[in-house]
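In order of appearance the chains are A, B, C and D, and numbering begins at 1 in each one.
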Amino acid sequence: MSSWFISHGAAFIVILPLLMAVITALLPAVRRLAWFTALIVAVLVALVAFIVLQTQIDVGAFIYRMGGWEPPHGISLAIDAVNAPIALLIAAMAVFTLIYAEPAVDSEVQRKKRAPFYAAFLLAVAGLIGMVVTGDAFNVFVFLEVSSISTYTLVAMGANRDRRALSAAFNYLILGSIGATFFVIGIGFLYAETGTLNMADMQGILANLDGGSRAAQVGFGFVLVGLGLKLAMFPLHTWLPGAYAYSPTVVTAFLASTATKAALYLLYRFMFTVFDPSFDYVAVTLTYVVTGLAVIGMIFASLQALFQTDARRTLAYSSVAQVGYMLLGIGLISTLGLVGSYLHLINHAVVKGGLFLSLGAMWYRFGITRISDMAGLAKTMPITTAAFTVLAFSLIGVPFTAGFVSKVALAEAALERGWYWAVAVIMIASILALLYMGRMMMVAYFSPPPASAMGEDGRVVRREAPLLMLLPMVGLAVTSVLIGVRGNVYLAEVSENAARVLLPGGGL
Amino acid sequence: MTIPVKKKPVKGPVVSPAGSDPHVLLRVISKFLIPLIALFAFYVQFHGEYGPGGGFQAGVILAVSVILYALIFGLNEAKRAFPPWLVRVGMTLGVLLYGGTGVVAWLMGGEFLNYSVLFPDPIDGQHYGIIAIEVGVLTTVTSVMIAFFYAFGSRQPQIEDGEW
Amino acid sequence: MILAAEISPAIPTILLDVCLLSLLVVTAFAIVRMRSLFAIVMLQGVYSLVAAAWFVTLDAVDVAFTEAAVGAGVSTVLMLSAMLLADRKSTPVPKGRQWGALAVVLIAGAAMLFAVPDLPAYGSATSPANAYVGTDYLAKTAKEVDIPNVVTAVLSSYRGYDTFGEVVVIFAAGLGVLLLLGLNGNAGRYQAEVRGRKLSETSAPTGTAERDGTASAELSTREVEVAKTQSGPPSVTELEP
Amino acid sequence: MIDLLQINPGLWVILAGVIAALMPVGPVRKALAIGAPILAAFLIFTIYDSTEVLAGQFSVLGVELTTLRIDNLSVVWGYLFCLAGFINAVYALHEDSWITDSSALVYTGAAIAGVLSGDWLSLFLFWELTAISSVFLVWQGGAHAYAAGIRYLVIQVLSGVLLLAGAVMFAGANGGDWTFGYVGLETTGAAGWVLLIAMGIKAGFPMLHMWMQDAYPKASITGTVILASFTTKFAIYALARAFPGTDILIWIGCIMTCFPVFFAVIENDLRRVLAYSLNNQLGFMVAGIGIGSTMAMNGVVGQVFVHVIFKGLLFMSIGAVMYRVGTAKASELGGLFRSMPYTTVLCLIGAGSIAAFPLLAAFVTKAMILQAAIDAKLWIPFTMMLFASAGVMEHSGIKVPHFTFFAHDSGRRVKEAPWNMLAAMSIAAVLCIVLAWPWGGYDILYSLMPYETDYKPYTWDHVVFQLQLLFAAIFAFNVLKRFKLYPAERRAEVVDADVLYRRVGKNMAVWTDAMWTRLGARLKRGRDRATASVGRKLSQAFSPAGRMSEAAPSGLPAILTAGLLAVVLVVAYIAAA
């Protein structure tokens, strides 16, 4: 049986959630049935994703031939050191958020819609994993659409909480469609240039053509901008704050930790595997345009985060800034830079997911959305606040947390290229992160709880989040600390393997 | 070609009194036409292996026949003929049929969607596999198109005659 | 890609192409200039139909089929239904916005035109798209899938996984409609409940006045207003009546 | 005729002190006070040639004495004490008191001579001389300082007696070798312990430290500054010479770093706060000596050097305040930055230095000790020192400047400090910055160190780590306050300071929140004004309530997308062309 998973696991982790999503959509409105189904599916997917990762480590890169056709005629799934960890990351985050989902969805979605809601959630999971594991450029687009369309729906479901979710979802829909369109136009040009859709094949042909003609350049531009929109590269991030702020809590946490990450993975793939930094136009664009936008975005979005009154919008803008870190790692075009970028991708997924889960728990108990309402949370929800604090430290980059590891790696990479200004920007953005996260924690710890949180005897009533919510939150907080203390050894190896696959030549 | 439009909210479905139906011609012709459209859809479906066509196109054409029915005879009539629960089930059934074909290929020891293993002769397997998945496509596309129409159409009183 | 077409001996086909394309451009301009949404929806149907006809001249009958059925048929009906829910006339767009839209079109167009000189000629047998995988499909289909329509073979079998994905995309769209609107127009409004004690309203905050501490008293009313506009709900276009 | 260069340079300073005691003319005394340290420094420079110099040997009662020994360890202290003597003299220029002048000179000279002496007997002599000469400085503090001065003298003399006793036992065990060198605890038995306690008293080991907080705050304004410069550092020198790598010192040092944190927090008298902070700083040095590796010893030397400068700077600035205001009680001060701006800035530099802010002195040295602890895998001591570093930030970095110059306005409007005080403080402040200057400045400091070092203080993670530690200290400080973790009986003792103090956490939260809100509004207003000329549209697009941030769909992102595409293609075209 396990040998079957070793040979078919790559397809299994996409197909299982897809088909189970379809079945889930038909489930009767029995309490917890749909949730339980989705959770079991997610756990299975995570387990198999782990087997796939293990297989990849054992045997190296391998492909799965869909329909039994050899690439480039058929579609193949290509697993290597870059995408296997990300597939596992997505699956694991799905498990975390789904554990949490039961109470959260119970309060935010009416009962008869829960089955389709979980179906859409599973579709999003399947779409994200599908676009990560595939080795075919057009197939990427297909699964990008699967995940996007289910995501638009999920975001709009936040209207039960706040009507602004509808316009946020619409905005996301329009911009996401522009991004997907740009991406598919780019694929079209690449197809016209190379005559194949298989990424490994494209790589070989483009390398033979030494970067190809203008068609390849235009394709490059469209792919870069399209993916840039999807991964919220500054200044194409305008869809993100609204989508993160108003969607259901569990959706926000899942999106924040996976959606932009999967798009970022595609950027790695296209910039380094399909195209190659040895082409002049790729190297120059990455060095000047992507790095420039990354750096401006880090500062600009951090400042925007600083002036928000809504806690989730603050974190959303912070996500844009963090994407800047990862793009900076790409713009460095060096193995070290990619290691830093990849590490930060994984760490940020863990941290941001956990932070949004904690904010969701605060809404669940007290309806908190604004920072000023977080007053006294240290007393009313001590465990949630503690998890939030640990994760916030990690976001800031305090030593012994996940964020520190990756930020140091990025800074070292920048130093290696002599980009001192980039180090300065990393530091400034970290200090800004300290300010906007510190602001929340100040309120949570030092402001007295409002009168309505007091019991009749005038004492603060403790209203901790339910156990199902606490488990994933605390789990992610502990994970971030573990990464910071010991886990970086293992993760660094994973990132280095990924960076070596992406940049076999070691960069510029 | 601007058409004078007036906004007049209408309560309840409009049922023209017998004898004064201005759309008799429309109804009669469409009664002939709708079966033909459906038939054409199936032609497109099953001829897809030989000429242009396939599940997508056939599904849309089949959905158009239902939508046309709804436009002319009213949404409620259409919902009687093609009830919403069937739409919901059809949506999922199509995907399951498609994916199920792939899963069967899995169970028979091949890769996902490898139709060649379905039958002893790979060519037979390809033929039957393609037919199965095309039916799945047809089912889903038809159901979703109708679902779109139901969803939008149900939120709105019927279009008043004067507005056409 | 059309601009790169080789001058073929079949002059009437070229004429037909020119006519169809001119029609497309004219229709597009008409759509841009129209205010009546009803007319626009109709013109979009026209546009799709003309495009379908043009696809036929390009020998892409499958695409033409889809364009005619979806573009001219179903989407027109759906647009009409949506239009009836919202408004029948579009409000005039401010001049500045028009320039922005024009800029987008020009840039995207210029970007694609930029690549045109390096694209292979239309129908060229030596173009990468035709010479490499395309040729292989033609050769392999007969012995591996054995159906006459190679397009169907590619879509259903060689790239069946993509098609599966497309079906799932359609399913996802249907699911979205199901979730947000409901098939009987009865999705209903539902207010999410806080399972504890609600401390704050999600609506507009009351500015800084409620913040504890002495410093906020010094804020001028102007600053309070600023704080309000920063955090107040933006004008929401309600998607439901 | 004896070669003048054979004479311990400290003796010339002591001689100057004796002359000053007899000199009725003020300006001459001042000239002596300033000139003598310079002369001593010049002599050290002349004598020392980067190898060990032994001179002034003679024997008394069968004991072979070496009155002058300059090697790479002692020379640092020699220069340092000359420098401190010079700065102190400048600081004391305004004070017309022959007692201060002469005792300061003798005290300085004794300290210089002590560190430059090469045998136990002369060490003991100068050890006692520092005690006796400095007690006059304590007594200068006024009538209430008399008893404290007596206690101080008794303890210091006791320390000297113990030193002599230990030296006799040690020399006896070593067959009459009186050379002042490595002692250690393993092979020396009781002698080692006696010597350790003798030095420990002067170095302020835990439970032996009380004289410091007792006497220092009671001395005169200039007296405190001078006292804080020499005695304890002299003891550190002795420890570094005699007990490097002694394990127990690690733990003693760590306890020394930690316990003053708790006391300093609840103390109202700012000079006493600084005395606790002094104790804490000494702890780092003691721990560094205990580790004893090359890196640690370098760190200790560097730390001693900068410590004298910035601790002096802090004492000087509080002294300046006291000189003008008449008190150093936190509860009676506040808001002085209005009237003493220069002093404020200089004090902040000192506070930043002690807290080891990057670009300021302790940053380049303290880290070496911490690094040495890590290298030696001493995790618990490392953690304790880390905690103490945060503690330093809390009491010296925040508390001292905050209550003096900021906090609630005490309403006092005084004159700026006298020019000579400002000058002395400026010299110290400039040194604080120069010695930590990332581009070459710290190399000066490192070149003084006894061992070769290739330590790089300005690595990225070190800077960030340090910054975060400091911010963590601020945070922890608030948390402690918030959850009322301070001992209750202490609160009653120093009630006026404490009430003020407990409000800080809340006030800071309120203040930051308000500032953020106002800053946001201010920025927006400024931006509005700036963009008014560009046009209303731009402003609409970029303001927080504008198109960039609103949730409703708009055309701007589409334009940005297309624009970015254009940029990418143009760049790609240029690159490919």
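Points worth noting:
The rule we apply is simple: a contact is a pair of C-beta atoms (placed from the backbone, for glycine too) under 8 Å apart; a residue touches a chain by one contact, two chains touch by 3 or more.
Predicted model only: the values in this text are computed from it and were never measured.
More contacting C-beta pairs link the chains of A-C than the other of the two pairs C-D and A-C. Of all the chains shown, the one with its CA centroid nearest the global CA centroid is A.
Note on chain placement: the centre of chain C and the centre of chain D lie 68 Å apart, centres being C-alpha means.
The centroid of the Cα atoms in chain A and the matching centroid in chain C are 25 Å apart. Put simply, the C-alpha centre of chain A and that of chain D have 47 angstrom between them.
The distance from the centre of chain B to the centre of chain C, each centre being the mean of the chain's C-alpha atoms, comes to 22 Å. Touching of two or more other chains is recorded for residues 111, 114, 157, 160-161, 166, 168, 171, 173, 175, 178, 211-212, 227, 230, 234, 236-237 of chain C. Each of the following residues of chain B touches two or more other chains: 88, 91-92, 95, 99, 102, 112-113, 115. Under the contact definition stated at the top, the residues of chain A that touch 2 or more other chains are 18, 22, 25, 66-67, 164, 167, 170, 214, 217-218, 221-222, 307, 447. Taken chain by chain, the contacts fit none of the simple shapes, being neither an open path, a ring, a star, nor a full set of pairwise contacts. Remark: chain A residues 164, 167-168, 170-171, 174-175, 178-179, 182, 211, 214, 217-218, 220-222, 224-225, 228-229, 235-236, 238-239, 241-242, 245-246, 279-285, 288-289, 293, 304, 306-307, 396-399, 404, 407-408, 411-412, 415, 423, 427, 430-431, 434, 438-439, 441-443, 445-447 touch chain D in the complex. Across the complex, chain B meets chain A through its residues 88-89, 91-92, 95-96, 99-100, 102-103, 106, 110-117. Within the complex formed with chain B, the residues of chain A that make contact are 8, 11, 15, 18-19, 22-23, 25-26, 64-68.
Of all the residues in chain C, the ones that touch chain B in their complex are 36, 38-39, 42, 61-62, 64-66, 69-70, 73-74, 77-78, 80-82, 84-85, 88-89, 144-149, 151-153, 155-157, 160-161, 163-164, 166-168, 170-171, 173-175, 177-178, 181-186. Residues 509-511, 513-515, 517-518, 520-521, 524-525, 537, 544-545, 550-552, 555-556, 558-559, 561-563, 565-566, 569, 573 of chain D touch chain C in their complex.
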